[in-house]
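Shared between the two complexes below is subunit A, which pairs with subunit B and subunit C, respectively.
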Partner chain A sequence: MDFDYNDEQKMLKQGAREFFEKECPKSLVKQMMEDEKGNPPELWKKMSQLGWLGLIYPEKYGGGDGNMIDLIALEEEMGRACLPGPFLSTVLLSGLFILHNGSEEQKKEILPKIAGGQLILTLALTEQSDSYEASAVSVEAKAEKDDYIIDGTKLFVPDAQIADYIICIARTKKGDKPEDGLTAFLVDRKTPGITITLLKTLAGDKLCEVVFNKVKVSKKNIIGKLDQAWGPLQQTLQQVKIAQCAEMVGGAQRALELAADHAKKRIQFDRPIGSFPVIHHLIANAMMDVDACKFLTYEAAWKFSEGMPCAKEIAMAKAWTGEAYQRTAAMGHQVLGGIGYTLDGEMHLYFRRAKSGELTLGDGKFHREALAKELGM
Partner chain B sequence: MLWAPGLLGGLTGGVQGPIIMQHGTPEQKKEWLPKIAAGAQFALGYTEPNAGTDLASLQIRAAKDGNDYILNGQKMFSTGAHNARYHWLAARTNPEMPKHKGVSMIIADLTAPGVTVTKLTTIAGDRTNEVFYDNVRVPQTNRIGPEGEGWNITRSALAAERGDLGTFPWPKILVDELIQYAKETKRNGKPLSEDPQIRQTLAQLSMDVSVLRLFGRRLNYMIEKNQDISWSAPFSKIFESELSQRIANQGMNIMGLYGQLEQGSKYAKLKGHIELAYLTMVVRSFGGGSNLRLRSDIATRGMGLPREPQLAMPVKK
Partner chain C sequence: MNMIVCIKQVLDPEAPLSSFKIDPATNTMVPVTSVPFVISPFDEQAVEAALKIKDAKGGKITVISLGVNLLRDVVKKPLSLGADELILLEDPAFIGGDSWSTAYALAAAIKKVGQFDLIFCGRQAADSDSGQVGACIAEILGIPQVSVAKKVEAIDGKVKVDKVTTDGYEVVEVPTPALITVSNELGEVRFATFKGTMASKKKEPIIWKPADIGAEPAKIGAAGRRIKTRKLFQPVRDSKCEIIGGETDEDKAANLAKKLVEVKLI
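On to the complex of A and B.
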């Protein structure tokens, strides 16, 4: 494993930084937090033109044949930019699930359109039970001739308000184990019976309640195998977590830089506050914390891209990165003081996203428990 | 430097050889390298009663007299000095120069007349020493490097030592032992490893061990690529020392009342490792450089923060 990106990845990363600085200023980020759609169409289109929406997909589905290391290089810059929009829900959660589990027809139909920026998708997993366990899925889908009828409510579904399709994880059979009998359905958002309500969130990202009231879906719209969605879904979530960690790495790195920059410039007691050892300590701790995030994430990404087992590494990366990003942004607020507490500042963007990133797809406790299992406990 | 043998192992001649190779004269190389190769033991003589983290304010005096230096003063926490033949000394050769510039690196013979080695016992039961010099004569040919260059030589020796700390094996060994212990030990009829809090604790410590491993590997990676490691080298040292202390402290809680039993005691578990670590690991967050000071080094060198200004009116000693 290398502790640095290769030259091409460095170019991708640098190009992305320049692009986002120009096309995704913090004023746009803040505007999108208030905006109901939350996805500036011009920005999405340009990212598509740059090949970033399909970066991780194979060429035959309109993609760029990139690997996980390419993806995390880009994700770091998205995190730094606080990029709004449905990259995680559309390109990663939905696109990767379809790539790994869909029929050839489904892949050819959908993936090039995601890469081309023409389709927005999301994945509806969590419910009011607030858990990523299989036992938490209660939304049911009952067979009726050539169709299934989906009934129930999904909660905390990202970007459903703008999605063209929703991949709904529903219970099709009551098996012996909660993991058995779950199926993934590709549902057109405009199907009668779907009601979407946008929730108001800490980070201004778009989480929704999606009510399925006797929603009819054709059997042809099942992705993967009937009753057997859980295992494949977990595999996709594992991959998405690596990317999500990289996004948090980029955010945490930027929060650290903002704190250090402020400490160098802010004069109190006739000296820059950054010359006080107490500030040195805060910054030094955050440097080590952020580096730990980076290397745990890089190791998980590297093992994943080499096809090596990486459940431990992913659990570590997600547990550490979520909490460390939050610690770093909170430290940033302490250093910035009052000026960081105003909406004009940027630190609060990282502070908000740190917490939502920590909670999304399983928090530190969840992943330490997963790690404990991996350690044979 | 304060070094506890036992669990930690002592520093042997690890730092002297490379420094003599780099800074020694041909005659010195011929004299000392074979001795080191044959296993000559050195004790480190940096710290003094009033020169700890502020090492450059060391006071032990090496005054010129003909072809010799006459040494007068005291060294502290000189582990192994009661067994070692030689003392790797940072001594003041010029008291008129600024404090960083008047220091030279000298090898003294610990068996010479005028040297007294007295015992200090650490909380972990290990021996370290005070070493007193009373008009001790040392040939000037025992000075390594130019006069006044001792500070720079000491710093490079300390950097080598800190890099060494990154390869410290005990955090991983102790965490693996604790995981095994939790699986095999029942409390109230249930294995400890089924206790949700213990699972969380051991998972976290195991993550910490991975971070330590990655910090060490990154440091090697940077050295291979000839990158500046002055700010990243202390990462391993700080992280390892504090992790070792967390492991010992939290390991005690996992083991409960058994945690306090010493090696050799009836009923002692894990060979008393955790009890020994609880005491021994205390040294690691200040031995080899205080973590409090190293954090300032990291922030100033790695992130460009300004240094703390020097006092306009130094406090009188």
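On to the complex of A and C.
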């Protein structure tokens, strides 16, 4: 059993670390938290030139033919760097949904532009309840000749304020089950009737309210099959959750390192605070948490990349990682003491992102329920 | 143009000083496990200098490294950036050498590679900092050397080099074949693209043992050392802080100036 990265993945990871240390310092991260767009264009362009935006797409769509393990190696470093920008919304949520469900024409038109850094997309799924259940989707799309008219409000839509296109999941038919009758529409953000409002968030991540007021969308812009978006969407979300876990693993690892480094250097009572048992236990507990996050995530990624069933592993990874990352960052604040709470420091970035990461794509409670269902309960 | 770049795997020089310990009994560094290995940063600049020439004029880049248990994810990095071939002189017999015995082995390997126009080395290794290997290779091979380059251009069978000096730089020309040692003033090194990184998987390193390069056992590794280390130690840096007082800011500034004159700092 070997859950280590191969040589090339280690090189990718190390190269990404060096790149982000240079191109994405924490000063930029903090600046982007306050910035309305939240996406430094030069950084996005350079990531595109390195082939990272298309890493997971096939070469024929301008991608790098990478696999899930390559992706999580890169994601770990993005989490370590607290990378701002629309990687999750554009490359993963939208790009992967189009890759798995779009027509050949849609894939050829959109994916190379995502990989080339020319298009920003997002997925509008959640609404007022912030639930990832199908029953929570109430935004409707009604057929009208060759078009559909979308009406309703989506909430917590990532990066909508800079998106060129929004993939809107809307109810096109009332079925027997909430999962039936949902359709994905590719909507130009500039279409009349769309209003976007940036929400205030804990981590400075860009979540938006998107109001669709009788927005007209051509039937040609349906991605996948009419009334049958839910199943394919869940498959995409499962893949994205693994990547999201890897991002949290990278952040948690860095929070742990910051705390351990501080404990070795900070002198109190004539010795480093790292020599006190209470600090030993805090750091040791955090290390066990972070390693558990890693191995749950790596196992889920490996099973996914091998085409094996992995719903249980993904549920465990997402539930555990979201909460363990928070415990690790909270421990970091404890070990760093007062300096851990200053905005000049870094620890608060990890704590904020841990909270945001826990809620994104479903929290621990949601995934415990998912796990119980997988166990036949 | 055929280019050869010599690289060395070293402990990350950015690691805190407290990570390193000296064993005074043996005058050697105590092995550490907590510090990652990297390519010596000056050697990365040497790779970049070769890549720039390849970008402009084409050619082939062969990278050579010497050591034991060389980490593939470290030493293969030049391949991910665009180098064509990696040769590893990997054998316990190469270990424990000094600048001369290392240069002897590298020069023997370069002879075996055959035709070359340019050899690049970092100006010095980030661990030993001796800066002699490049010059020794040039001496053994009997070719000219230009040290501490900040820019290298290949022009009609010659090489134009901007060489760093204490107060600027001088421009020199040298016929090929030649050896150039490269300094950090060359500028930023590139990052590997995803495709470049994955393509390096197909380029397996070539391993050469001492017999493969015709090296005499008495001239390589510890057996070939010409340097005797008398003492290896970490210098103790003691700092004292004195607060310069005064009733007003002007007084404080004047007192500070007096103090600096007193200790002959100004």
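Everything that follows uses one rule, which is that the second predicted complex is superposed on the first by the 376 of 377 C-alpha atoms of A that agree within 3 Å, B and C clash if a C-alpha of one lies under 4 Å from a C-alpha of the other, contacts with A are read in each partner's own complex, and residues count from 1 in each chain.
Assume a contact is a pair of C-beta atoms (placed from the backbone, for glycine too) under 8 Å apart; a residue touches a chain by one contact, two chains touch by 3 or more.
Model, not experiment: these values are computed from the prediction.
Annotation: superposed three-chain arrangement on subunit A; subunit B versus subunit C shows no clash, the two fitting side by side. In the superposition on chain A, A:49 makes contact with subunit C only, not with subunit B.
In the superposition on chain A, no contact is made by A:60 with either subunit B or subunit C. Contacts of A:280 after superposition on the shared chain: subunit B is touched, whereas subunit C is not. Within the superposed three-chain model, A:272 lies in touch with subunit B and out of touch with subunit C [touch as defined at top].
By the touch criterion stated above, A:18 is placed in contact with subunit C alone, subunit B being left untouched.
Applying the stated contact rule after C-alpha superposition, one finds that A:296 touches subunit B and leaves subunit C untouched.
Ranked by how many residues of subunit A each touches, subunit B and subunit C are led by B. With both structures placed on the common chain, the touch criterion links A:10 to subunit C but leaves subunit B unconnected. When the two complexes are overlaid on their common chain A, residue A:220 makes contact with neither subunit B nor subunit C.
After superposing the two complexes on their shared chain, the closest approach between C-alpha atoms of subunit B and subunit C is 8 Å.
Shared interface residues of subunit A (contacting subunit B in one complex, subunit C in the other): 264.
Of all the residues in subunit A, the ones that touch subunit C in their complex are 6-8, 10-12, 14-15, 18-19, 49-52, 55, 64-66, 70, 264. The residues of subunit C lying in touch with subunit A in their complex are 18, 72-73, 76-77, 80, 191-195, 197-198, 200-201. Within the complex formed with subunit A, the residues of subunit B that make contact are 179, 182-183, 193-194, 196, 199-200, 202-204, 206-207, 210-211, 214-215, 217-218, 221-222, 232, 235, 238-239, 292, 294-296, 298-300, 302-309.
On subunit A, the positions that touch subunit B within their shared complex are 1-4, 256, 260, 263-264, 271-272, 274-277, 279-281, 283-285, 287-288, 291-292, 295-296, 299, 313, 315-316, 319-320, 365, 368-369, 371-372, 375-377.
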